[in-house]
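Down below is the structure, laid out as structure tokens.
Labels for the chains are A, B, C, D, E and F, by order of writing; each one numbers its residues from 1.
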Amino acid sequence: MSSPPSPPGHTVKSFDDDLRSLRSMIGRMGGLARKQLDDSIEALLTSDEEAADRICAKDKELDEMEMEAEAYAISIIARRAPMAGDLREVIAALKIGSVIERVGDYAKNCARRVSVLAGHVDRGVHPGIAEMARMASSLLDDALTSFAQRDSELAKKVAAGDEAIDDYYESLFQALLAQIAEDPNQTATATHFIFIIKNLERVGDHATNIAEMVHYSATGDHIADRPKGGDATEISLPL
Amino acid sequence: MSSPPSPPGHTVKSFDDDLRSLRSMIGRMGGLARKQLDDSIEALLTSDEEAADRICAKDKELDEMEMEAEAYAISIIARRAPMAGDLREVIAALKIGSVIERVGDYAKNCARRVSVLAGHVDRGVHPGIAEMARMASSLLDDALTSFAQRDSELAKKVAAGDEAIDDYYESLFQALLAQIAEDPNQTATATHFIFIIKNLERVGDHATNIAEMVHYSATGDHIADRPKGGDATEISLPL
Amino acid sequence: MTLGGFALIIVALAVLAYLTTRARAAAFGGPAGTMRSHSRPVYHGAWAAILAFVPAILVIVFWAVLGDNIVAQQTLARIPEAIRPGSGIEQQAFLNELRAVYSGALPAAFNENVAAAVPVYGELVGFWRLVIGGLALLLALIGGGYAWLNSQSEFRARTHVESFATIVLALASLVAILTTFGIVLSLLYESLEFFSRVSPFEFIFGTQWSPQTAIREDQVGSTGAFGAVPLFWGTVFIGAIIAMIVAIPLGLMSAIYLTQYAGASARRILKPLLEILAGVPTVVYGYFAALTVAPAVREFAISIGIDSASSESALAAGAVMGIMIIPFVSSMADDALSAVPGSMRDGSLAMGATPSETIKKVLVPAALPGIVGGILLAVSRAIGETMIVVMAAGQAANLTANPFESVTTVTAQIVQLLTGDQEFDSAKTLSAFALGLVLFIVTLLLNIYALAVVKRYREAYD
Amino acid sequence: MTDPSSPSDTGETLPERTPTEWHSNAMQRRIRRRYARERRFRFFGLAALVLAAGFLAFLLFTIVSDGWRGFQRAEVAVEVTYVEDELTAESGSLARADYRTLLRRDLREQFGTERVASEGAWLRLRERMEENPGLLGQTERVWVVASPEVDLMAKGDVDFTLPAERRVVDDEMVEDYRDLRESDRVRLAFNSGFLSRADSTSSELAGVWGALIGSILTILVTLAISFPIGVMTAVYLEEYAPKNRITDIIEVSINNLAAVPSIIFGLLGLAVFLNFFGMPRSAPLVGGLTLALMTLPVIVIAARVALQSVPPSIKDAALGVGASRLQVISHHVLPVALPGILTGTIIGVSRALGETAPLLLIGMRAFVSDIPEGVTQPATVLPVQIFLWSDEVGRGFIEKTSAAIMVLLAVLLSMNALAIYLRNKFERRW
Amino acid sequence: MAEYDTETVVHEEMTLRNDAKMTARDVSVFYGQKQAVRSVSIDVDSHYVTAFIGPSGCGKSTFLRCFNRMNDTIDIARVEGDIDLDGRDIYDPKMDVVQLRARVGMVFQKPNPFPKSIYENIAYGPRIHGLAESKTDMDRIVETSLQRAGLWNEVKDRLDESGTALSGGQQQRLCIARAIAVDPEVILMDEPCSALDPIATAKVEELIDELQGRYAIVIVTHNMQQAARVSQRTAFFHLGHLVEYGPTDEIFTNPKADRTRDYITGRFG
Amino acid sequence: MAEYDTETVVHEEMTLRNDAKMTARDVSVFYGQKQAVRSVSIDVDSHYVTAFIGPSGCGKSTFLRCFNRMNDTIDIARVEGDIDLDGRDIYDPKMDVVQLRARVGMVFQKPNPFPKSIYENIAYGPRIHGLAESKTDMDRIVETSLQRAGLWNEVKDRLDESGTALSGGQQQRLCIARAIAVDPEVILMDEPCSALDPIATAKVEELIDELQGRYAIVIVTHNMQQAARVSQRTAFFHLGHLVEYGPTDEIFTNPKADRTRDYITGRFG
């Protein structure tokens, strides 16, 4: 079944208002998480420690937003006893909320490495990381858009986009390993970068998770044949 | 407020049955995830590739169980319009389900590294990993028990237990970095181990998440001052 | 054996049929819980009893009603032509005497021809009694036996019993129609007779009413006057005007007070009081009007200078009739008011209306159709009321609007015309039926209209 | 519906009303006026009720104050000697003894006039003899019914100060009465004959028993016909009748019959039962039939109301467990409706019991001095009796009329009380 | 109102079979000229509670009453199509309505105990159908029926009291016990809880839950949650059409038809 | 039944103040000897919808009817304690009931429009209170009231039709419009949707939602979801006691009192 042709509003408009608020809460959270991610990479590349601190501080906000959204979703369930599509949407919002919060954690995680990495930035991997961050961020954006617009087609595309990130991750991972092998002094730095790209790779996974929730919310079905537990790309790595 | 003195059953007993089924579904999932985790570490330590394959295959089961539990929780919401404690419990179950699924992913992740690591096992870190796995597993167990028994006191303890794991993680991480520095040829192996201990550290975090959900479900409040987004221990690492 | 004896035997047979058939049916019923048969044993028994009883008893009743005529005609046919009476009245007298002698009411016959016919008659009666009684017994046996044989497990005795009951009930409901037809036919028949003598035009528009003169046909040029307008006026004046002036405000206000203001205990006392007022027979009101109220009214009238005041005044009759109608009006109003849902009253009170505003603006308007319907019924009742006017209004057919004068009404005249010596073909007697017809039509129309109003109103709240 | 209602309905664009100034003077005045009207209205209601009740009280008072004397009669004491020869002088047997002459003689001997005792005073002697045949040949003092004039004087209804022409009794009677008083040979006693005799031309002998029996016979006929037919009709109409022409006609007939003036039923009875079927005049049978037709619609309507008040849910319930229609009616509907039906029947019957007009037309106004023994014998009924007496000129009939009214009202009231009792006892709240 | 197509959505596992306890095929009901139910086909299974939901006036009650021919009591109602009970057409003129109603019991919107004792309320059905041979037999029937209805403990000491003296919820359970007493195979319930408060409702729902499996139960309800709670199968009606019929979980979490979705999510009208 | 303590739980933000629109202090109501409401204290705020919930017979309606003295119409009812409207005791003998009821409007369980035209239904209140100076004034009042009640568009072309000719949900909204027309400050609603089907209910709830803020609204309901949906404050009553009073979200997701929790999660009785 294709995405429903935007169903008519509820007889009780405040129900629509509730759903809209919840959606916009999630939207705002998503926006903030994405900004945090972009900012953290930016701070990393520019070694902007101040910005990094701001980002870390801001993560708290995201955590609070998640708790708020969760409480709101629960209160919608308690107050409206939603059914069918509405129920799925609220549940999706609930889950997307925690996914976004996790994305925020990744951003904070990156940001916290800025001060450690300041001055140790390796020109070699950087363009790759920037590109990977861009990809992750845009995938996240797509996922959030698909949620905001209840666009289950877009959501399907997101799942595909994740693969590119995984590939990218693998090549960067190899590069970083090579770097360590080349210069063992770089071990710590490279390890930090490994964690960063791992995080970015996870952002991609989570974007996919969001898309999956959107698709479920819209159609009641899960996306068929979606690879789950995706973060296993570096495993093929030869010793 | 302390945990409520096991409230009387619902007037409609099938509601209680539903809740019980949901709880036992989550319990079974948790048990399986924990077993997966234990098994994967065991396989790792014994380089038992066959066991590792079995574990990877079994993860699908866990995924399915999660989807099932989620569908069941949603159907409880749709059918029973639960309120107050019941509602929180269902939501908690919903979230715990995805947490457990993620724990399963970690186990699978470890297991998939078995074949790569077979023969490259480092006697030095191994006891540490085993110990850390034991800690994570037992924390998970506590969290699941607190859920099964709606024991919000036990849940509070779980949150504290996570810190020990984090400490352990840090020392292992340092040891592995040192190993790389010592012998750059070990880079790949050590990196795999880093990912493994990182996963174990995340298991601890997730156990805490479960405990947090249990506490919330029982009391309606979040555990005060719980550090969130905990996986940042290795950041202090000097370059 | 008399027919009554046969009837008793038939009853016994019916009981027997019931018992045996029920027992037979109980046997194939099987133990409870197994495949149930269609009808329980009692139904089989009941059906057997019905089959045994009904046709047989119908035969007996038929004979009891019509048999005598048949026997009489046969007797007439059998006796020698010489002693056979002529037709018409002569024959009727003959037969009456015959029966009287046969039954022993007359010790002996006056007419010797009758005496000769008695044995023939007796023989025939005995013969037919045996034939009919036997036939009835036979029918009872056949019916009961048939039912007994028929009481198979799959036989639908219950359905049959139910259909039979339905038919009996439906027949009962026809009595009402028959009564209505009876009224219409009898009134029409006699009225047509009347109108063949007196022009309907004169009857309806004439203003002179003096039927008494009509019988004295020897008086040349005086055929009586049958202009009923004074009667119609008197009826309206007393029943629809004076009575209503008394009854409507008192009845309505009583109902309002009772339903809306009076406490539960006051209502418990006052309501039966009004009901007593309704239960007092009209003759009592009439007596009271004639003996107590009328003289008082007359005295009052004379004291205020109206010398024409009659001791049988329209006012006395009308006022007493009004009082008689109070409970009628008040109970109709009561019904109408209490049919208005209580929530309506609460709704108004909750808006900040006082009780009287609630009553005047919500309850009464809401109940108005019911109240109006009730008043129309009250009017219809008042104009059909007889005893008060017979006793208190007098017989003078005056066309006056003076309430202290005597007027007469349709009903009073009917009684007047029909309680003297009656000559069934005089215009005087027949005129009573014409008056009755008018009364019937008028009240019928009033009722149909009022009931329609009330019904439509009831439906609004169902 | 495409939901046009919403945005324009929401508050924003609506003009705000200034809040009502509840405490302004104008508003306060208005409210005081409204309360005054309220009190007035309430007063009118009470006044109406009081008026109605007052009238009832007045009516009852008038009747009782007249009527209680109807239950009394004056008696005079006569010394009677039961001389056998004289008693049997004319007829030759004691069974047909002539007490009248005997008493007349005694009266004349003792009072100088027969006028102190009633025309029918001798009946008392016969009673005595029947009670105690041993009295034959004896002499005893017997209280016999006084004449109407003595009765009046004994009850104090005669104003002795008036000149003789304007009195009902002449001077001679007054003298006789004075003598009686002085010799203590007049007394007021309970009028047992009033409750045991039938009509009579002399007021002091007239009784209501005959009329009462007539009423009872008439009502029995009425009941026997109208109750079963009425209930069956009601059951048919409520539970069986399909919606069709015939049913409509039946409904209309019944509703209209209920409101047809009773006198029309009299005309019907006259035309059909008397003239067409040739049934006996003045008989309870015909009266009962006529009243039955009149009562039938009342019972049908009351029964239908009672049947309707049985909640349909109960019928559904019974049907739902597989009861047949007849079972539903006989097991559930009728038992529940029965009190209502009975109440309606009693009310209908008691109305019939008070009915006069139709009976006048079928000849029940005839003078009947015998107590009827069957439904085909001539009889009169209480209300007609009242009507007849109320027309009598004799002064003694006024109190008799009132007394008869009291009897009638007592019967009716007890019937109504029964109805109310039944209604209250079985009234059910669903 | 949005335009919907009028096709029935029948969920896969619900495709019509002829071995169900009761089957309706192309059933239409007319009130005079007006069609209240439009060609509805449905199966009622022995082991499930089936719920009928839909907006007011959509014909739920009308359709329900076809199953035990209670519509026969409405003069102007006319039923077309086939309804079978165990494969036998119940509208066959040879079918005996009285027996049918004993086999297909009914519980009504407002509790309607007979104004008789509790005992007599239960005993009535068995008595008219002659199901008890003796007094002890009848006692047993009364007791088991009340027990099954979960009312025995509450009333066992006052079986002689009037059934109308019970509370609303108890009355409704009494009515269910009464229906059970004649040992029916199917129980129809038309909004059995709409006159009850939440607690009484919960008890009746509990009872329905316990009866499920023993009887085929069909319940009409306006309360979506109730339908979701007590039933395993749900049928959604709209304007006399059967719009969707399927497993309750599916209907309430993922309905297939737009109309169903709009109705259960509160987007109607 | 479990033992509960009878102390009232009042949520922090709800502690009693005396500047609320209506305040009830230690209100008890007796029907003859029987006490139906036991010393209840509560504040009703202008800007909120307050819901009263609780099992049947717990005294919700009785307590609600104290607020506009509709209990006066019941002979045996007796009210103790203070109820103030804007600080003035409404049970003061000097308080004018007629005025009070104009200021505290009421909407009943079953829609009860007067059997008059729609226009007259609305105009009734203003007319008896003399609120309109002229016909145009009255027209304006009628229009605004109907608009606020969200009914104007549906009925503007047929103001002359009888109010009873509307559908159930429209009737209930008409009753609300009628209450609004006299410009009340508080609107009391006693189970205003229990006679309505889900769709009409949704519309009335929508209306309540829109009226919120303009009037203090108190609503009694048996439907927990409804209370949760439309109200911001919820009071839970049990056996005549006020058990818990607080913000709706709190009450329904995290009630403080055991009784409340058991009731809203369906563990009662």
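Just so we're on the same page, contacts are C-beta pairs under 8 Å (C-beta built on N, C-alpha and C of every residue); 3 or more make two chains touch, one makes a residue touch a chain.
The chain lineup, named per UniProt: A, B = Phosphate-specific transport system accessory protein PhoU; C = Phosphate transport system permease protein; D = Phosphate transport system permease protein PstA; E, F = Phosphate ABC transporter ATP-binding protein.
This is a predicted model, so every value here is computed, not measured.
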*Identify the chains adjacent to both subunit B and subunit E in the sense defined at the top.*
A, F
_Greatest separation from subunit B - chain, by CA centre_ = D
*Centre-most chain [mean C-alpha coordinates]*: E
*asked:* Between subunit C and subunit F, what distance separates the C-alpha centroids? Give it in angstrom.
replied: 55
*How many Å are there between the centre of subunit A and the centre of subunit C, using C-alpha atoms for each centre?*
93
*asked:* Centroid of subunit A to centroid of subunit E, CA atoms only: how many Å?
replied: 50
*Roughly how many whole angstrom separate the Cα centroids of subunit C and subunit E?*
48
*Hey, what residues on subunit C touch two or more of the other chains?*
158, 354, 357
*Among the residues of subunit E, pick out those that touch two or more other chains and give their numbers.*
98-99, 102, 128-129, 199, 202-203, 224-225, 228, 252-253, 266, 268-269
_Counting only residues that touch at least two other chains, what does the list for subunit B look like?_
10-12, 15, 74, 78, 81, 83-84, 87-88
*Once bound in the complex, which stretches of subunit E touch subunit B?*
199, 202-203, 205-206, 209, 225, 228-229, 248-249, 252-253
*Contact set on subunit E toward subunit A in their complex*: 2, 224-225, 228, 252-256, 258, 260-262, 264-269
*asked:* Please output the residues of subunit C touching subunit F within their complex, sorted ascending.
replied: 263-264, 341, 343-344, 346-354, 357, 361-362, 365-366, 460
*Could you pull out which subunit C residues touch subunit E in their complex?*
29, 31-33, 36, 38, 40-41, 156, 158
*asked:* Considering only the defined contacts, which subunit B positions touch subunit A in the complex?
replied: 59, 63, 67, 70, 74, 77-78, 81, 83-84, 87-88, 91, 94-95, 98, 104-105, 108-109, 112-113, 116-117, 120, 177, 180-181, 184-185, 187-189, 191-192, 194-195, 198, 222, 228-229, 231-232, 234-239
